[in-house]
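Submitted below is the structure of interest, expressed as structure tokens.
The letters A, B, C, D and E name the chains in turn, as written, and every chain counts its residues from 1.
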């Protein structure tokens, strides 16, 4: 469904992502994990049209995404839940959700949107409860639900989540991840970018590990979960062991 | 250099002492009761997952934010209310994660700007070009050239800073920070965007700076570099201090591991 | 060294404006005009410019002056002193005119006189400010009635009507300020007490605050000194506040436009004006009547829109200059002398008698007092 | 633009020669007078260019300092008969003092609020000039400003005044250049490139902004002095809001952060109305269009725009 | 006492004019972060088109109003399309100078179309003033204040109730997220431009009867509107409304109680004080930190 080949992204003249390739198939839940600064969000920026300065190929359903604007990519069927949630705080919860379906009001009509609205509300009962409240007054976890709900309102073929666990308490994180898992089971294709490797890999089909802009590992989630190299990608080569060796 | 004598009671060997530092942003605690200290001459690594509050901490130490509670002492002197530009004069210098060289100036001029707090010439001196100003200018130039040599950037002295390759810009930033003759140098992700060769060279440079007696604080995602360079590592997570210790202790700390890898 | 290109570019620009130096054809008298054709005072400058063009055409059609054709070079000052200075230097040094008519406003006139004096070029200003001709400068004349005379005419009328206390409301520009000064200075002479003086901005949308304040001070009449459209707003506001004491206006609103703008509210307003507004009402014995009819017909045939007293200033200036150009052979000194010697010229503004001490040359009877009744002017005796 | 540290650069010499040559060759007072106005406007532009170009502070009230300079010298030398050269010193001192008082709180504002603050200041100064009629002559203007003299030299319109003004302009340009090449200038250019970084390397940006604000005010006052003794008559409308906008436009059209930009901007904006005189009614439309077109197609100002054009042309040839 | 009430009425009338203008400016700023220095010129266009349609051609009042507002919107959209969007480098200062140029252009064009003379226009309802506490309230003032209220309220409802309005708010608060939700932010900008210049035209329509309309009436009104928007806090709708009223009342009280010559100066001194004390305006919506 989504194919990325030899992607290279730059900020100014610094390459943050080099020669990254990955693919997502219909119905899969894929995680990209890595420590912060590894270039995960940058990679997503390129996919979703936020970042212009990249080279390589990104194909979605056989169509090249190069040069498309973010709204155009949304119309292609990729919805993103941005890092840090980025909800529209002065708007009500309901309105936030409607904004997610902005492009569809003309295309699909009010009824279809209303149906989806019901669907999302059912999925996140808390949002239904709070539908008239201003989004800015929600708690972090609720905001994250709202951000996911908003992205779903565009009826995406591929849902992209950028660090949904960031800044949330462990319990809430657990809940978010189980929601993501439910979504995946209901047939949505998901690309999940996470720092929280264990939680992400637990629910994923496959995973990619990114370290300082490069893809260092890939494989099935179960393999990665037990791979020591994952730990190394996060905490560096084992300096302690190195010292021990030398001291012997 | 304008340094006040260390206050009695605080061990002089600690160059930076942070006590119960708290910072709120719109009711949310971005920093919660953080305490640690840095001894003179060491390299202290500061790590933590995204949103852990490393940048906020940096900004408080360098005077860009004022803490809501707690205290920061530099060389035994409370610096909570000191404006950013004074702190540089007192001896705290920093580099930025994204390269922030002055792109319309040459590399040499960038270094000269870095000396701003150590030079005097003002408006009238500039306009009249009095001998003292010319002398100062000559001395500054000489020192700038020495610094460029120290950092291995001599060849690029007269190139526009914006035209340099990324790696050089990173190094140049460090050179510019050194130009202010700091006692404490804060490096914000110096290795981000560098290739392995450049990262290696950066490590060498950090060691060289350490040998010259400058204390350093290092925020970095390249853990190999942090672990290799640091004498001590402080780990932040969600605005709190999670752990503090030698690199080895940190790498084996279960709390750190679950902060990074998740505990799921 | 990139900047070198820039220097070249600047040099080219400079060279490009150089060669346009004006030569003067021998048999043409070039005269200059500076008017506020656009900008705040365009109501003055626009008719003045048109009148000057028309008059020059007429004089040329009649064979010119001593066989010399007139050529008018007219620039727009936009009411800006700096622009007027540019224009006057252009006229003197580039176009090499032998005399200048204008500018339209007092500040622009005061700005240019320093340059015309130095170059010894006679200037006939169309502005009202008394500062222009007091103290008298040999090279500076003016055709517009001074505020001095307008205020005198107003006060005379008030005295006759038994008005003792007045409140004044002036526009905050040179015109209003000069009026205010005269109103305050001359009040005592006519036994009138100014109870309150207030001002309003030329572009104010509402003046009820000032009017309410004046009303509270309890004067017998209100004098408003300004030029359109401000006084029309004042008249409207006064009506809305139900102020029933007489409202006096200045000669600055002396055009049908005022009645159009103020509508009903104009009725009952009393103002001094040049006779041009009331030409048809004048006695046939009035020496100005013929002149005014002639000017009015000529102007209204040529341009759309009504003739105004302001254009009359230019009408008189051109005629006075034409008179002075006779036998002058284009010599500026001679033109000046001739101007100063002008006696008994009956023009649109009044009868001019210049003397070395008086370069305005008008007497108070240049003004008549009119009242607006039923949307038209009526003469007050 | 890199500024190297050799003392006088070739283009300044070329410029000096060109200006002098123009002064000697041209006898037509009109051209000299236009050039004089260009010179006065250049001074205003230079100051504001330093402020806007380097510290990023937009001032919509710069004409106020122009007015303060003009009125101070007019009142002192005209009303009180003080030597005009002494009154120049007073004019500059007055501008510096007021700039200091106003700059302290105002420069803490930023963006549109700073623009608003300076605009308000400009309006207040203008209204005070207009209403304080007893001293300033009010709306009808101030008459009786003495002609400048220095020994046997009398500065009246014409070549004398031309040389006086351009001498001062040249000196001001050298001052600006020296300033930019110095420690202070490097700090200024640092603020231009990145204000946060400049703070982080120890530059007291607020102080520096204030210094430049005061410097610009002083240059403005000098320009006002020159204007007053040139035209010998001043009135409030020459120093109003529209003129402030015009100075900003000069700076932006010419090109910010460039000494030559100030000169070019002042030249274009002074010459344009002169050239457009012939279009009478259409002057405003053309002027507005030129302004928009330049900004749309040469957003960096004419200095850069023209240089880019020359460069592309040169590249096309080779 | 009676005078004070009169000053207040007068101030509210003038203030409502400023408010309508400020609301338009603020509206544009909140969606595009641009201050349109040609805004006053759209007020002028509204007033002059209204004079032409209603007084000269004799169209019915509502039709003439619609025409004048339409003229404001259309000229605004044309301006946006040809001057703002074509700009190569949309830095704020560049855009500001473009709007200044556009202001001069529009003024020049209006001078050619309508000439230099001012025009008057009858009030929408009777001229008789209403007496309250011995002070006269002009019927047109009521029109203006209601127009300001309706306009601000209308925009408020538009932003709060309609999908497009909400999308506009979304763009203003978080461009990136709006962009990711598929909201075309450029179109929102264009729409904001149209609404903003339309507001300008509305202001023109309602003040034409109390003041005189001429080609050069806009500049000072635009300026006052800018001040009002600033006092209220840029980007805040009701802030702009309140700022306008406050400015009008300050001017009027300054003129009435201190000196009418210094009224603008008094108003500006107070404004500066407000800015010094609350650097983001009274009802700051968000930090206005551009250029």
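Basically, a contact is a pair of C-beta atoms (placed from the backbone, for glycine too) under 8 Å apart; a residue touches a chain by one contact, two chains touch by 3 or more.
Going by UniProt, the chains are A, B = ABC transporter ATP-binding protein; C = ABC transporter substrate-binding protein; D, E = Branched-chain amino acid ABC transporter permease.
The structure presented is a predicted model; accordingly, all values stated were derived computationally and were not measured.
K.L.:
Check every other chain and keep only those touching both subunit D and subunit E; list them.
P.N.:
Common contact partners of subunit D and subunit E, which must touch each of the two, are C.
K.L.:
Which chain maximises the distance between its CA centroid and that of subunit C?
P.N.:
A
K.L.:
Find the geometric centre of each of subunit B and subunit C from their Cα atoms only, then give the gap between the two centres in Å, rounded to an integer.
P.N.:
One centre to the other, that is 72 Å.
K.L.:
When the centre of a chain is set as the mean of its C-alpha atoms, what distance in Å lies between subunit A and subunit C?
P.N.:
Once rounded, the distance between the two centres reads 76 Å.
K.L.:
On a C-alpha centroid basis, what's the spacing between subunit A and subunit D, in Å?
P.N.:
Here the centre of subunit D sits 54 Å away from the centre of subunit A.
K.L.:
Could you give the separation in Å between the centres of subunit A and subunit E, each centre being the mean of its C-alpha atoms?
P.N.:
43
K.L.:
Could you tell me which residues belong to subunit B and also touch two or more other chains?
P.N.:
none
K.L.:
Where in subunit E do residues touch two or more other chains at once?
P.N.:
Only 111, 261, 264 qualify.
K.L.:
What are the residues of subunit C that contact at least two other chains?
P.N.:
In subunit C, the residues touching two or more other chains are 38, 172.
K.L.:
Mind listing each pair of touching chains for me?
P.N.:
A-B, A-E, B-D, C-D, C-E, D-E
K.L.:
Which residues of subunit E touch subunit A in the complex?
P.N.:
Result: residues 163, 166-167, 169-170, 173-174, 176-184 of subunit E touch subunit A.
K.L.:
Quick one: in the complex, what on subunit A touches subunit E?
P.N.:
48-50, 69-71, 74-75, 79-80, 82, 86-91, 95, 98-100, 102-103, 105, 150-151, 154
K.L.:
Please give the residue numbers of subunit E that touch subunit C in the complex, ascending.
P.N.:
Interface residues on the subunit E side: 2-3, 6-7, 9-11, 13-14, 17, 111, 116-120, 122, 127, 129, 135-136, 138, 207, 210-212, 214, 216-217, 220-221, 252, 255-256, 260-261, 263-264.
K.L.:
Give every residue of subunit D touching subunit B within the complex, in rising order.
P.N.:
Contacts found on subunit D: 1-2, 5, 175, 178-179, 181-187, 189-190, 192-194, 196-205, 211, 215.
K.L.:
Note which residues of subunit C are touching subunit E in the complex, please.
P.N.:
38-40, 42-43, 46, 172, 198-201, 203-206, 208-210, 212-213, 216, 228-229, 232-233, 236-237, 239-242, 257, 260-264
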